[in-house]
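Quick one: this structure, given as structure tokens, is what I'll be asking you about.
Order as written gives the chain letters A, B and C; numbering starts at 1 within each chain.
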Amino acid sequence: MTENNNNDKNEAGHEKPERVVGTPSASAEERVVSEPTAENESGHAGPFEPSETHLRSEEQQRRGDKMASAWFIVATLAGIAFIASYFVFPPNASGEPAIASPQIAQYSNMLLGGTLTLAMFGIGAGMTVWARNVMPHYEVHSPYDELPSDDQEKGSFSEFFMKGADESGFTKRPLMRRTLIASMIPLGIAPVVLLRDLGPLPRDMMHHTPWENGRRMYVEGTHRALRAEDLENDPNGMISALPAIDDERYPHGISLNDQAKSVILLIKIPEDDWKDGMNQPVSEGSDETHLNWTYNGIVAYSKICTHVGCPAALYERTTHRILCPCHQSTFDATDAAKVVFGPAHRGLPQLPIGVDDEGYLISTGDFNEPTGPTFWEYQGGGGS
Amino acid sequence: MSKTTQAPKALRGVGNYIDDRFHLAKTGEKNLRKVFPNHWSFMLGEIALYSFIILLITGVFLTLWFKPSMLEVVYDGSYESMQGVPMSEAFASTLYIDFDVRGGFLMRQIHHWAALIFVAALVIHMLRVFFTGAFRKPREINWLIGVAIFVLAMVEGLFGYSLPDDLPSGMGVRILQGVMLAIPLVGTYISMFLFGGEFPGEDIITRLYVLHVLLIPALLLGLIVAHFMILWHQKHTQYPGVGKTDKTVVGTPMFPAFAVKAGGFFFFTFAVIAGLSAFVQINPVHLFGPFAPTSITSGLQPDWYMGFMEGSLRIFPNWFDFQIAGYPIMTAVLVPGLVIPGLIFGGLALWPFIEQWITGDKRARNVADRPRNAPVRTGVGVAGIVFYGVLWMAGSNDVLSETFSIDLYLTTYIFRVLAIAGPILGFVIAKRICLGLQRRDRETLEQGYESGTIRQLPSGEFIEMHKESSAETVEVLSSKRDPSSTALAEEDVDPSGVENPEARKGMGKLRRALAHWYTKDNVTVRDVEPHSGHHLHHSHDHTSQEGPEEGKDGH
Amino acid sequence: MTRNGETVKWITARRRHPLAGYVVVILALALFGVGYAAMAPTAEDARAQTLAAEAPAPDDVDIAEGRAIFDQTCASCHGQDGSGTPNGPDLREAGSASVNFQVSTGRMPSMDPDSQMPRKAMVMSEEELANLIAYYDAEIRDGEAGPDVPYEVPGSEPQREDFEDEGSYEEALETYEAEYDSYIEGAEDTDMGMKLYLTNCAHCHSWSGGGGALTDGRWAPEIHDATPREIYEAMVSGPGAMPMFSDGVIEPEEKQELISYVKTLQAEPDAGGIFALDRVGQVAEGFIGWTVGLSLIVACAIWITAKQRAHD
């Protein structure tokens, strides 16, 4: 920036004296101070001759020299050690002890990191000692740029610019100017159009999950379907479950997308603890109540918090609270998972459950509301 | 010793070669002579610059092995604890960097520590600039660039945190998506387009990766270069002192002293970051395990710079949520997720212009304010820090609740109150402290400093001797400018009883009110003759307290 | 390296020594390191102390002594017949696993029935506990109600004071360790163990087993010191606010996978360096980044730019 200006000026043959940073000009405002004795009123503005500015004895300088050199030697040795320690622990292919073992990885990490640290610190310390103890000390003055440019310069620029604009015809030929601008508009929109295929339109896919009538449920992490009697011995039990799907395309038998919206928390609640909210219809105008959707004291709620989507999994059996560990939205498991504290907007969706002929727990339909964070269209479209 | 060493032949050759083509000798010399003020607080920005360089170097190293793919694979690599676990290729390749690439673990930890330090350095650099008023004309544009760098750095950090696809990082993305979904009307579409479908989909890591390694770093680099060039062109501000004026900068020249110091500082920065990375474990993704949308851990946190958003998501209540014709307006997500960051960064960006509008100060200011001499600005800054800090702490309320055995819900209530009361208190206290310091400055200027020598007067009374301050101190103290505003230059009502038309209009009225607020409290030193106070001579009322008003009588 | 021969006080003479700065920095670093190391738990702590035992044979236990212990330490809150009082719950359906868990983790007997008890050293000996459990099973327990003590899962390590001589102690220790290792290493499916732990436990006890906050001032305890048997018992009996995970919901082999996952994770050395910040994660990392990282860098900046005295 500044460089170009200077070059331009030179080429334009301006003979105005240049203000060069740190250079003393003839003007009196340029002054060199050197600390701590402000006696350096000479014409120099550094780098100075050491004899002029240095306030240390030759002996002190020599000591600084030695100290800096010592640091640099430390850094050199540490650098060599760094390279050497790279080869101390072989990669896994070459046998033991290999860095895949966490303990060896720790040693390797500390050895490499420690030597690197020392090498870096050595150079830093050496340079600091050098700057502080060997180099001369002084401060120089330099003027800030005069702001703004003077009127003559500004006027000249403006005149030149407008003359050019007129010369080009841009100002005088509106048809050409406007059509040029018009031609930019479709090109500006084009990238937006090109991005259309980033993803599908939502339609109603967020309103449906793989749960359907008769779908069994796996204990998450296993491929074992749960039976209602498995929860017999848990008067206050809880378990995280997924729909029993074994799709070979996915290691867990079900895609992460489907896991994210279909995961449920099965909770067994003692009969006396249900609250009135359970007798409400599961959704507006529905004949089913929340209690109808439970089976033998077992209730199934979506595990995904309706706030911003963390798994709301923290269930306290004494208070029957379901708490999201991220932002502490709290839902009452005995009261249709209504929000009792925190930032969530709506309760956790409930899944209707029952048992099939063999006693396995099944879903008897989809959730009463879309699962996951509340979104704009959550009440429109699909649903149960 | 007085003879200058001849430039070595090789160097001269290169120099000539370059100069033959670029005509750089003069410009080069000029730039080598650039003056840098000598104060540690002017090096805070350099920490950020150097961390950024470290991030670039280590980041390139990591990309050599990292695979930004969400394809699910069953891990069969050399890290035993995860063998047989299904995970994304992104996570598997992160394990590869950790446990198969020698030095990979170190580089990943350096990358992460450098990211934490980078944003932290941006914050303290920005605070230094704010509190010393270094954002004032002519540096407003550089301030805006700085705010943009800060915002981009946070986004860059968030995306980088998300790439390994481990448990906490995936949850960060999930929360981001949850905030997106809450946006009225278009939220669902934005989320679908970004994720290529439903959460988590199969594209997000790849897309965040290209943003993280290409687009945002390029923007950051461009902005940092622009920031630096503007700084180079406008020169640093400087603290008040002898010879330091709005027209002249005093300091160490770039070459040789400052170049060596800055070079050394780069190595120090690298050393500290490398030292942390060598011995302090950070983000152990191999222990977290791969991301699953169904799993969660207690104490889940983002990296510190996203903590304020996490905190505001935690403490903002759902009381203001409402529905329009069955469509929800999720204020409990929208306010913390979008409005509060908007307020913080919007406020930061606008402050120089607000202050200029209030004071009407249109002059170029190169001498930094001492924070105490702009008490309202300092108060506002402290209020901002407190607000940010409360939200930040609220982001770890579960950890605080567990560590200090406080009821979890109670912490939420406490932080709700603190988020409102804290900034107000912070403003009042900071401003009071500033005025107190101003008073002390005035006294020091007038009386000199307390020497610690006790003397007994002939009357038997003991007094402490005051000594004259150094010329530097006197210069610093007497350089104080009183806060003023052009809005107050004209009276509300002119002598003939006609109201000032400017003052009647809404904005004019507001501006006058703000100007009054900005300037009303001040301890002036304009009427003080340095070392004119009687303590320097023969004082008898050494202990009397002087308020600002009493101080004006000048004894 | 005294600069001049003056006899001044030792510290004053060296304060401005060129090396003084480094000494201070190194001392500060060392102090930080030592202080941290003193506070941070060692790797050994993370390893479970454990013990092997089979269900004690009827001849080995003394029900009469068990009754004496019960009447003395339990009955005041839980009632003479274990049916509970306002101060303590009904024990008749709790099961012996619950008794073993509460007593062996030191949570019972409790001094304050209203507050949550932290883990403590057990107040009685292993033998006394066995007698207590025998009495509970014989007289208080409601038939077969509640879960039994899972004797096949390794419990706490044998203690030296329980043995007469060094030899028998070491023998017991060896047996115990073999049992412990075979239980932990018997698990094969890391994915299952991890999934079960992360979807059912980590939201309270944290990914590292470090614990976490619950509502109303309660907390989920850290489980670093918990033996496999204690974890198992906690799952089947649901102490405090913890829900139950019976053997029907999570089968014994699955529990073994889960326990193996979390104990292996806890015993794993920290590959990233000796300071693992208690595995607290991002909050601690941010804290260290600011307090140690940034402060040290700023200290370097201050050193670089510090005003120099002419005689320095």
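One rule holds in what follows: a contact is a pair of C-beta atoms (placed from the backbone, for glycine too) under 8 Å apart; a residue touches a chain by one contact, two chains touch by 3 or more.
In this text the structure is predicted, and so the values were computed from the model without any measurement.
Put simply, the chain nearest the middle, going by average C-alpha positions, is A.
Per-pair counts of C-beta contacts peak for the chains A-B.
Relative to chain C, the most remote chain by averaged C-alpha coordinates is B. Taking the mean of the C-alpha atoms as each chain's centre, chain B and chain C sit 40 Å apart. In whole angstrom, the spacing between the mean C-alpha positions of chain A and chain C is 33. Here the spacing of chain A and chain B, counted between their Cα centres, is 17 Å.
Those residues of chain A in touch with two or more other chains are numbered 102, 105, 109-110, 113, 124-125, 128, 131, 137, 220, 240, 263, 311, 313-314, 325, 341. Shared contact sites, meaning residues of chain C that touch two or more other chains, fall at 191, 194-195, 199, 203-204, 212, 214-216, 268, 270-274, 300, 304. Shared contact sites, meaning residues of chain B that touch two or more other chains, fall at 38, 81, 86, 98-99, 105, 109, 261, 264-265, 268, 272, 277-279, 286, 292, 294-300, 398, 408-409. Within the complex, the chain B residues that touch chain A are 1-2, 23-24, 26-27, 29-31, 33-35, 38, 72-74, 77-81, 86, 98-103, 105-106, 109-110, 138, 171, 174-175, 177-179, 181-189, 191-201, 203, 229, 232-235, 242-243, 246-253, 255-257, 260-261, 263-268, 270-272, 274-275, 277-279, 286, 292-300, 310, 313-314, 316-318, 321, 326-328, 330, 332-333, 336-337, 364, 366, 397-398, 408-409, 412. Those residues of chain A whose C-beta lies close enough to touch chain B in the complex are 1-3, 6-7, 10, 20-23, 29, 31, 33, 38, 45-47, 49-51, 86, 89, 91-92, 98-102, 105, 108-110, 112-114, 116-118, 120-121, 123-128, 130-131, 135-137, 139-145, 147, 195, 198-202, 205-206, 220, 240, 242, 250-252, 256-257, 259-261, 263, 303-304, 307-311, 313-314, 325-328, 339, 341-346, 372-380. Residue ranges on chain C touching chain B, taken from their complex, read 189-191, 194-195, 198-199, 202-208, 210-217, 219-220, 264-265, 268, 270-277, 279-283, 285-290, 292-294, 296-298, 300-302, 304-307. Residues of chain A that touch chain C in their complex: 36, 55-56, 63-64, 67, 102-103, 105-106, 109-110, 113, 124-125, 128-129, 131-133, 137, 219-222, 224, 226-227, 229-240, 263, 267, 311, 313-319, 321, 323, 325, 330, 341.
Interface of chain C with chain A (complex): residues 18, 22, 147, 191-196, 199-200, 203-204, 212, 214-216, 218, 238, 240-251, 254, 268-274, 300, 303-304, 308, 310, 312.
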